[in-house]
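Structure incoming, see below.
To keep things simple, chains are lettered A, B, C, D and E as they appear, and every chain counts its residues starting from 1.
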Amino acid sequence: MNSAPGNILELKACGINFGGLTAVSALEVAIGRRDLLGMIGPNGAGKTTVFNMITGVYQPTKGSVLFDGRNIVGLKPYQIAGLGIGRTFQNIRLFPSLTVYENIQVSLVKTLRHGFSHSTLQLPRFHEEERAVRASIVELLEIFNLTHVMNERATSLPYGDQRRTEIVRALATKPQLLLLDEPAAGMNATEKVELMRLIRLVKERFDIAILLIEHDMKVVMGICERIIVLDYGIKIAEGPPEAIRNNLSVIEAYLGEQAA
Amino acid sequence: MGVHATKVVLLAAIAISFIVSLFQSQINPYFLQIIIYIGINIILATSLNLINGYAGQFSLGHAGFMALGGYTGAVVSTTLGATPGGSSAVIILPLALVLGGIVAALAGLLVGIPSLRLRGDYLAITTLGFGEIIRVVIQNLDFLGGARGFTGIPKLTNFFWVFSVVSITVFVISNLVNSSYGKGFLAVRDDEIAAQAMGINTTKYKVVAFVTGAFFAGVAGGLYAHFVSYINPQQFSFIRSIEIVVMVIVGGMGNTPGVIIAAALLTILPEALRPIAEYRMVIYSLSLVIIMITRPQGLFGRELSLRSLLGRLRKQAMPV
Amino acid sequence: MLTVERLEVRYGGIHAIKGVSLSIARGQIATMLGANGAGKTTTLRTISGLVKASRGTIRFEDVELTNRPPHEIVALGVGQAPEGRMIFANLTVKENLEMGAYLRKNRAEIQNDLDFVFSIFPRLRERIKQPGGTLSGGEQQMLAIGRALMTRPRLLLLDEPSLGIAPILVKTIFEKIQEINRELGMTILLVVETGELMIEGKASEIAKNEGVRKAYLGET
Amino acid sequence: GGGGGDNTIQIGEYSSLTGTAATFGTSTHKGATLVMQETNASGGVLGKQIKLLTEDTQSKPEEAATVVTKLITRDGVKAVVGEVASGRTLAAAPICQSNGVPMITPSSTNPKVTQVGDYIFRVCFTDDFQGDVIARFVHNSLNLKRAAILKDVKNEYSVGLAHYFAQSFKQMGGEVVVEQAYSEGDNDFKAQLTAIKAADPEIIIVPGYYNEAALIVKQGRELNIKVPFMGGDGWDSAKLLEIGGASMEGTYYANHYSTSDPRPVVQNFVKKFHEKYNETPDAIAALSYDAVSILMDAIRRAGSTDGPKLRDAIAATKDFDGVSGTITIDNNRNASKSAVVLASGPDDRQE
Amino acid sequence: MSELLQQIINGISLGSIYALIALGYTMVYGVLRFINFPHGDAFMVGAFVGYYAAPRIVPLVGGSLLIAGPITLLLSMLVCSALGVTIEKLAYRPLRPRPKLTILITAIGISLFLEFGGQLVFGPDPKSFPTLLPSAVIINTPNLVLRSTPVIVIATTVGLMLLLRFIVMKTKLGTAMRAVSYNQSAASLMGINIDTVISFTFVLGSSLAAAAGILYGSLYPSINPLMGVFPGLKAFISAVLGGIGNIPGAAIGGFIIGLIETFVTGYLSPTYRDAIAFGILILILLFKPSGILGRAESEKV
């Protein structure tokens, strides 16, 4: 495959239809290994759909998705997650009956070297690994300041905490590329500032690429190095925050006159 | 130290089963029989709990797995000619049980496959269908006695075997669901899409749940056959499956201690109601309704959970 | 118009709100602010009857609302666009909106309001036959607001209406809220994220209102 | 407590008082109760009153095993009577055998039942005997050679009877042109009957219970099937005519006894039963009556309720004048007795 | 040839009974999303109301079946509706916010209660159901017979199916029922009285059960307290096959199961009938996981 060596993910001429509706068409996106890329666009522009195509929830009807140079179209979502793409959901999808701790534990399953027989028979390696699992969950929770709610049911937390738990859960899959779908939604100003700090921290500390969908311009403009703009499934602009902020078609389609 | 607690508990449980079984003849046979049924129902209910409670796959086919285990076991022990009390029983019974479990597990594999495409009530009806197919096929197999049933199975099952298997079942299943690996079952139950996005192979987990659950149901079937010494296909109809589902839900889905206690209570309750004869089942069914209305999360809700108990154990044991 | 006094709500063992009081006069737009988890959503859900209050009273136009079933509260004239949208996933956009007008009889007025909703959210007209469940997040939010408007309430409760909405629309929404308030005389109780206070004049006054202040502080 | 110390002898009865076979279980229970009351009214046996302890099997084999264990080991009954269906009897028999408590089954016709051991008896004929009776009646009396069978696959009684009928009938030179099946609980048999009709038999054998049999005959007549139908003792019930109505013309069934049998024991039984329950006893009630009566007789002869002695006394039963015929227990602990064949309608013939 | 035709008639008339019972299952499922197990037992109660009422009603109206039939039917519907609504109020309503499986077990409890209670009250023995439907012969050749009873049953089934579909799709209450089925809280925020809607659903479902009970009794005139178990199971399977919650689906499912059973019995091995019927059901579901007419729940990720 002819993918640029520095890119972790490339969408080539990607498109998808739902019945008669073309949700995304001929989309070209390239994400470098250390990019923090923003994706914005009006409601229903196709942003979440792009996430779903990348993660295998939807199959693109056209084009290819290259992860690390390899076409991942057709792979199952769990295989794609296994390759190193983690995500959050626009409508929070935490495991409702599990605690915060256990929600994150689920993500570590794919990193386990032990399986059915080890866990049922409790062989020595099992205990060793369980200790490691616990340590890494606790470490992550500390970074995100969620240790105090560790044993609470994830879905009884306030909205903002749930969003952060989702990010931690995605991170725990040890992704190379992290997809965040409106992580700031439902957060207040203070929390948003804190979120921006965390996203930057995650990128540095875990050394990964991030693709971010967000309607809050302070957040997007504040942390993204580059931004893609979708409208009606088509990419209408791409560039650094300043250029996007002043792009006329972006203002017309998305930002409105009094841009943030 | 504490990390091996569950193993110690297991060994202790088996040892106690052995010691108790030495005094088995002192127990009134009627009570012994109830106790044995309690044990068998615990195995059935905890194994179904893995499928229904933990992995969230609504299965109504457990009696079918039990039938396979029972009939396989019966064929094995009658072919090998085991006799109660004979020394050969010590080898033949475990062999019969394990083979019964394996045959049931293979069927579990087969039943697990539709679960990949079907959900909820559609899956329930499919598993019910599988169970009934198994029953009808046995009913038509002459070498298994057909509708007339299988007679002359040696009575090899005793307190020791039943409660050793109970201990092993509970040990395996609670270890499984309490391990990190086992969190995959819960994730599949709660949200398949999110589980997949976290790298969980949902297909594999569902099949593992079905196969493991079916295996233990098969073993329970074997224990049952070698206890009653006569089995016929009607004993394994979907009504039996429903009885097991009731135990799981009354106990609280995904709550192993609750399910164990429910299995025991729901075995004892109809016995306790015997004196009122014809009114017994009416009272029994009413109590079921009342239990559900007053304790909708199961008898014990979330308070009594092995997870929290073990969690506490582990916390003490592991410095973090 | 609405008076809430010393409202307390528990979820199982969790004491979600402890003694919230607020009052809104007819024709106002009141804004409720509060930290994450302060209990704003819970307050709205209790007003509309989705959650039972363990203590306190809610009165609406001299009618006691406390612990009445939601459908009676709606019939009395309180409508809500809830947090989490609660779209009827398998009903189409049109059917969802029509559900909002469930209690109404006047076909012409209903049609009028439908057109009004489509004028605020043209996107919904484009998606009119699509099942609500397959809409994008923002589209669902529009549908939830539209559906609440279709109940034609005298008091409208909006829980973070701009959640997931693109900036260009956020402004429209708040403008329309004021328009609705002005022209239809609808009283509005709005939950917004702090720092996003886009309503001027009357609204900010309410924000200083004693009751709302309490809610905002949430006795955390 | 056991029946030894105080002034009663406890007899255990297990029957399907609830569940799918409840109608049979209640019949046996009525028959058994009648004997107990008669016996006690006339002073009991061995100077003691009889106490009948009845347990419900819910029509399930596993329950049968449980309740018989209870009756023997908890309640200490000296003998056990039950069950209607061989499936449940087979589940309970090994328990009686291993505890050395004699058991008499009123109506389990499966040959395997008494093979369980020397404590297990029956007062009815077996499926092979009955199958042979039906075959001979069809072949010799009706002179029909082409039979169809419609049996209940879920029911071991029905399957067994069908098997033995076919065996005998073929030996006599008859032909089974088609074999069809249904499952307990079915109510629609038109598919089977249509297929049977296509095979053009001269008679249709329905070895099942009266409820299904009545519906089968009725639906057969509705499909213009004119040939006779014939069944076994499972047909015996007043309900047969009630449900089947006029369709029952031209049907026959083998039975243990006939209510119009002039023998005093029969007439006495029918009268008393009617007085007590306001209904005509069916064959199962009669068999249960006989089973308990034989047990009473055996206790008297043994002079004891001691297991082995009682067993030997039952085994020695000879020419007992029962409602269902003159009963002699043979070497295989089965009842050797005659069967009757009844035609639906007022007049019945005897074979 | 005429055998084949006869079998088709047999299959359709058996299927129409399954379809009729299945409609009731699907009705309740469509709104409450749970299997109303006691439906089969409500059906039994319906038949018994007919059994006890008809002999008293027939002489009252001068022996006219044309008048006695509908009155009996109506009475039975009334009794069953009262029963259904009471069960819902006492047993299901307190559990409404709970997981569906909790309600399912309660439903199983109620079902057992009605079965064993029925054995106590009505007695376990089968009763001969009185003649309420005219059983005229429509076609009568030596090899092909069609009577009026199954025709009446089929007509009733199809009629009720259309009526139900009309209620659900075209009336306000029907829309409310659909809304309640998707999201009860949201429905209540639209001003829908959930309790009323659910009670109404039970009235509909129970009336259907009663109607099925009366028709079943007329077609197979032997009724007993356990008569609901197997037809109930078959009907439930039919509803699932057609796509549970879908009204025409239930009818189609019923006819398909009826035909499959009849054909397996008539032309394949009757002893394997249930196994083959289940096998076909499983196969169909594997290709159409939400039943023949069922729509997969659309879920946006």
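In this text, a residue touches a chain if its C-beta (ideal position, glycine included) is under 8 Å from a C-beta of that chain, and two chains touch if they have at least 3 such contacts.
Model, not experiment: these values are computed from the prediction.
The chain with its Cα centre farthest from the Cα centre of chain B is C.
Inter-chain spacing, taken between the CA centroids of chain C and chain D, is 73 Å.
For this pair, chain A with chain B, the centres built from the Cα atoms lie 41 Å apart.
Averaging Cα coordinates per chain places chain B and chain D 37 Å apart. Residue positions of chain C touching 2 or more other chains: 134-136. Among all residues of chain A, those that touch two or more other chains are 48, 57, 89, 91, 93.
Multi-chain contact residues, meaning those touching two or more other chains, occur in chain D at positions 17-18, 153. Going by the touch rule set out above, the chain pairs that meet are A-B, A-C, A-E, B-D, B-E, C-E, D-E.
On the chain E side of its complex with chain B, the touching residues are 29, 35, 91, 94-95, 98-99, 101-106, 108-113, 116-117, 119-120, 233, 236-237, 240, 244, 271-272, 274-275, 278-279, 281-282, 285-286, 289-291, 299, 301.
Contact residues on chain B toward chain D in their complex (touch as defined above): 28-30, 33-34, 37, 139-140, 146-149, 151, 155, 228-235, 271, 274, 277-278, 280-281.
Looking at the complex, you find that chain C touches chain A at residues 11, 14, 35-37, 83, 123, 127, 130, 134-139, 141-142, 160, 163-171, 193-196. Per the touch definition, chain A reaches chain C in the complex via residues 18, 21, 40-45, 47-49, 90-91, 156-161, 182, 185-191, 215, 217, 253-256, 258-260. The touching residues of chain A, counted against chain B in their complex, run 55-57, 76-78, 81-82, 86-87, 89, 93-98, 102, 105-110, 112, 114-116, 118-122, 126-127, 129-131, 133-135, 138, 169-170, 172-173.
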